[in-house]
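Structures follow.
In the two assemblies presented below, chain A is common to both, partnered first by chain B and then by chain C.
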Partner chain A sequence: MSAQLIENMLQALVAGLLVGAIYGLMCVGLALIFGIMRVINFAQGDFMMLGMYAAFYLVLGLATQLGLTGGITPYIGILLTGPFLFVVGYAIHGFLISQVSGTRSARLEGEGHYAQLILTLGIALVIQNGALIAFGSQLISIRTPLSASAWTIPLLDGDVMLFVNKARGVAALISVATIVALTVLIGRSRLGKALRASADNPDAATFMGIDVARAHRVAFGLGVAVTAIAGGLLATNLPFHPFVGIDYVIVMYAGVVLGGMGSIGGAFWGGMTIGLVQQLSTLILPTQLQNTAIFVVFLLIVFFRPQGFFGRVAERT
Partner chain B sequence: MLTLEGVHAGYTAIPVLNGVSIRVDEGQFVAIVGPNGAGKTTIFRTISGTLRPFAGRITFDGQDLAAVRPDRRPHLGIAHVPEGRQVFASLTVFENLEMGAYTEAGRRAWKENLEAILGWFPVLAERRNQLAGTLSGGEQQMLAIGRGLASSPRLLMLDEPSMGLSPAIADLIFEKLLEIRKHSRLTILLVEQRVAEALESADRGYVLEAGRVVLEGPNSALRADDRVRQAYLGM
Partner chain C sequence: MTSRYDLTRRTLLGTAAASMALPGIVRAQNPTEVKVALLVPISGMYSRFGTVMRMGAEMALDHINAEGGVRSLGGAKLKLVVLDCGDTTEKAKNAAQRMVAQEPDIVAASGSYLSSFTLAVTEVTERAQLPVLTLSYSDLITARGFKYVFQTSATAASQAEQALPEILKLAETASGRKPQTVAIVTDNTGASVASVKPMREGLLQRLGLKLVVDETFTPPIADATPLIQKVRAARPDLFFFLPTVISDAKLVLEKMNEFGMGQGKVPTISFGIAIAMPDILNTVSADLLQGVLTCVGNWGVKGQEKLIAELKSRYNEPWMDQNAISTYGDMWIIKEALEKAGKADRVAVADALRNLDLGPSKYYPGGLTKFDAMGRRVGAGLTVVQWQNGVPYTVFPTELATAKPFWPKSS
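Showing the complex of A and B:
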């Protein structure tokens, strides 16, 4: 095998891992909403797009208002998008989505899923066109001082040189850190357990003294916030526009299903798988077929393991 | 402690309860018995607040519950162990108990309560890290009761704890209830189809038929009543 080939393969692998970490974070946000709370949300990609714009303007604000231009400033801006979009998600759930989900879903046809589909599709259209009016249609991206520099890792006595873009590397690290924090929050904290109990059995959760409606709003807000942070991270090396959400909402659903419904860690590995397949496929397929490769692999995995990587067959009894 | 006065309730245009009045005094064990569809579970749902009564008044410690949101009622000291157990299937046994202790009182007394609950139901200690959905029916019922007790309740409401269980397991559950009661002087309100066992354990009983209380009194009186003997005790 030539050194060139090895280098290309390793480069694709690294690219896959880095972008996969961000896709993983994106999927984890949807896993909270769709996997755990069982709300179909087709606006998730558009909440991510809002996160991208929020991050863009927050980073711009930090730079122009506070004069912060250091290498980590963009990431502070991106993480601040989280609380911002949490409020947006919390409010939209409270006003609209709570009407067709949670304790109300029992009275609706198909557990409210039809109504959720239509409602969130409507919300998606409003957000997309609202963003078009507010932000315009030109492509923008979040510039970071790190985007133009790379770590160089010599391998095989310098025959193979591996380049790791610093912006992508830092973004992947922040993704992983966010997921670890979220896993601890959902898995171990009192709030996290209350959220899971409220999703599992809303009536019984009420008998425990949990404000179920509020728990559902919080979970929705968290899911939106997490995906928004992923959007901000993605925007550091990907130009975006108001209609970028639709490309990613499909990736998110694929990732959540791959990982196994109801599993936060699973959704991360689902997103990671998609990132890896996407990047590795460029070794043998033309770039235009990236998404085809993703869905071929998706169908294969779902065919052989319908419950996903981490799905529990007997999860709900 | 708990009173229901002339409660009417039901589901969209289908009345289930037609003026039910019930009284539970502090420290009492009260049983509500009656056939399927008499409205026993509906009574519980109006007390815990997941169903709003059409008319009538429910008070707990003199406080009108109509003004208390359903999710605040457990914090007053009302624990509802629902029909069909309804444990959190995707949470572990231990997490289920922790959710029981969501109330302020439950959190303060968590250590002692946990020790007591695992003492009464040792199987829960063995299975503490198992998902509740993987437990057997009897184990789930023990968990549901343990979860109720973890809130440090003053009133424990049990909805058909014997439902779907083998007679041997159901007997065990009743024995445990009596044991728990002896140790804690807890006020218990029980709804049950197994009339003989329920009336044997309770201090007072109500017989509910078609949404009305048709008979009430101390357990000895009910067990001696001819109608009860014929209809429910098979004597």
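Showing the complex of A and C:
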């Protein structure tokens, strides 16, 4: 195998891992809402877009108001987006989503899924057009010099040179750290137990004294916050506009289904798989088919393992 | 019984009265305003381009109306109807259908930025016999035998034919060496595909260039690594990059820099406007753009300083790009066609456009303000724009240039 071929393969693998880590984080956000709470949320991409704008203005605020201009500033701003969007998600669930989900869904046709679909599509339209009015149509991105520079790793006596984009590298590390923190929160904390109990069996959770409605609001807020952080991380490399969310909603749903409904870790690996397939497919297929490759692999996985990577057989796609 | 005298007198009186009333009747038939449409993306990932086209149209209509409107229609004012063709060809086609159904008194339209959109839109407007002026590049737009579409830009194939020899001449003069190899990375939108078609089909060979990378992608891309890795492996003398989305331009330019090929190390030549939009400076450092050339159908040029200044002050735009100036010109052409047609009727306006001859072009580079049998502007030229210290200046054609070109220093 020639050094050039090895370099091409390794470079595509690195790109796939870095992109996949951010996709994974996005998918984890949706997994909390769709995979666990079974709320269909077509506004998730637009919450991600709000996260991008929130991160942009927080970074701008940190730079202009507090004079923070170092390389770490964008990432502080992006992490601060989490709590901000948590409040937004918590409030939207309280006012709107709760009307068509949780205990109220039992009274609605299709367990409330039709109503959720229409409501969240409506929310998506309001957010998109509201953002267009508020922020304009100009493309912006979170500027960092890291996005145009790379760590270079020479391999095979320098015959192979591997480039790891610094902004994507940092974003991937933050993605993994966020998922670890979320897993600890869900798995170990009292709040996490309440969330899991409310998702598994709301009636039993109510009898155990858990405020199920509040737990659902918290889960929705957490899902929005996590996806918003992923959006902020994506925005260090990718310019965005008020309609950017549409491009990523399908990636998120595909990732959650691939990983297995109800599994947070699975959603991350689902997103990672999408990133890897997207980038590695270019080694053998024309680049313009990279998104087609994602859905071919998606269909194959769903065909041979309908429950996804980590889903239970009872929860087939 | 009516005598011959009485009858004559009455006839005379009637005729006199009718003669006195006639100008009034004619005046009453003239509309007070005439609707012209702008069918462009106002939402979605192409919304920025449509927004700038709207600026050009608004400026033109204000100028036309301030100068007395359409004189042959008794000074009727032009009224702009803006329709959003969204971010997909399907939405663009739906918007065109809405336009012809809901606004039957529109006499002409301008649109729709992306060639793919224009191709879809004109399928509808052709059936409705509504003339459409377009700045889109694809040769296919005016190669389908349509009678109601008029292309003001040079077609994509023509632009490639005109631009490449000039760029090679510049490279050879500046570096003392003729480029030998070229990499093409293009998106798969109509204009980009049309631009690279003649290159693939013999133009590069005729110019002595060897194509070493030929990659096509679907916009928007998530990461440019696979594309630029192939360019890095081939190390071409020239890099032809054809995006229509600003985010793709950013990802590719930054990846070029990351892989040690940016800032002129591999000279980058683009086709189209995406790489020279003001928004790109919100996302990419000006250093990475320095020296990048792009071949565009139209741009703010020498002699348009007043218009450029107005655009800057009125809309806070840093420079006048193709979308603003071409749409501005389109509105003036529609006005002149209305003057010639003498009535606010779309078929008459289309007929007037076919026979229009306003002499040397005022708002488009090169050629005449006259359309050939296919609907293409006669002798349409192009502009080559180069990023110099954070501003994209027109560097070709020389007589319209606002700055002198330079060749980026290769390492």
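Keep this in mind: the second predicted complex is superposed on the first by the 313 of 317 C-alpha atoms of A that agree within 3 Å, B and C clash if a C-alpha of one lies under 4 Å from a C-alpha of the other, contacts with A are read in each partner's own complex, and residues count from 1 in each chain.
Please note the rule applied: a contact is a pair of C-beta atoms (placed from the backbone, for glycine too) under 8 Å apart; a residue touches a chain by one contact, two chains touch by 3 or more.
This is a predicted model, so every value here is computed, not measured.
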Partner chain in contact with A:Leu139 - chain B first, chain C second, else both or neither: second
First, second, both or neither for A:Pro239, with chain B first and chain C second: second
Contacts of A:Asn165 with chain B and chain C, given as first, second, both or neither: second
Partner chain(s) touched by A:Arg104 [first = chain B, second = chain C, both, neither]: neither
Residues of chain A touched, compared between chain B and chain C (which is higher): C
Chain B partner contacts - residues on chain A that touch it in the complex: 190, 193-194, 196-197, 200-201, 203-212, 262, 312, 314-317
Complex interface listing, chain C residues touching chain A: 42-45, 47-48, 51, 87, 188, 215-218, 220-223, 225-227, 229-230, 233, 246-247, 250-251, 253-255, 257-259, 262, 279-280, 282-285, 288
Residue ranges of chain A in contact with chain C within the complex: 4, 7-8, 11-12, 14-15, 18-19, 128-129, 132, 137-141, 143, 145, 147-150, 163, 165, 168, 237-241, 243-244, 247, 275, 278-279, 282-283, 286-288, 290-291
List of chain B residues in touch with chain A within their complex: 48-50, 69-75, 79-80, 82, 86-91, 95, 98-100, 102-103, 131, 133-134, 147, 151
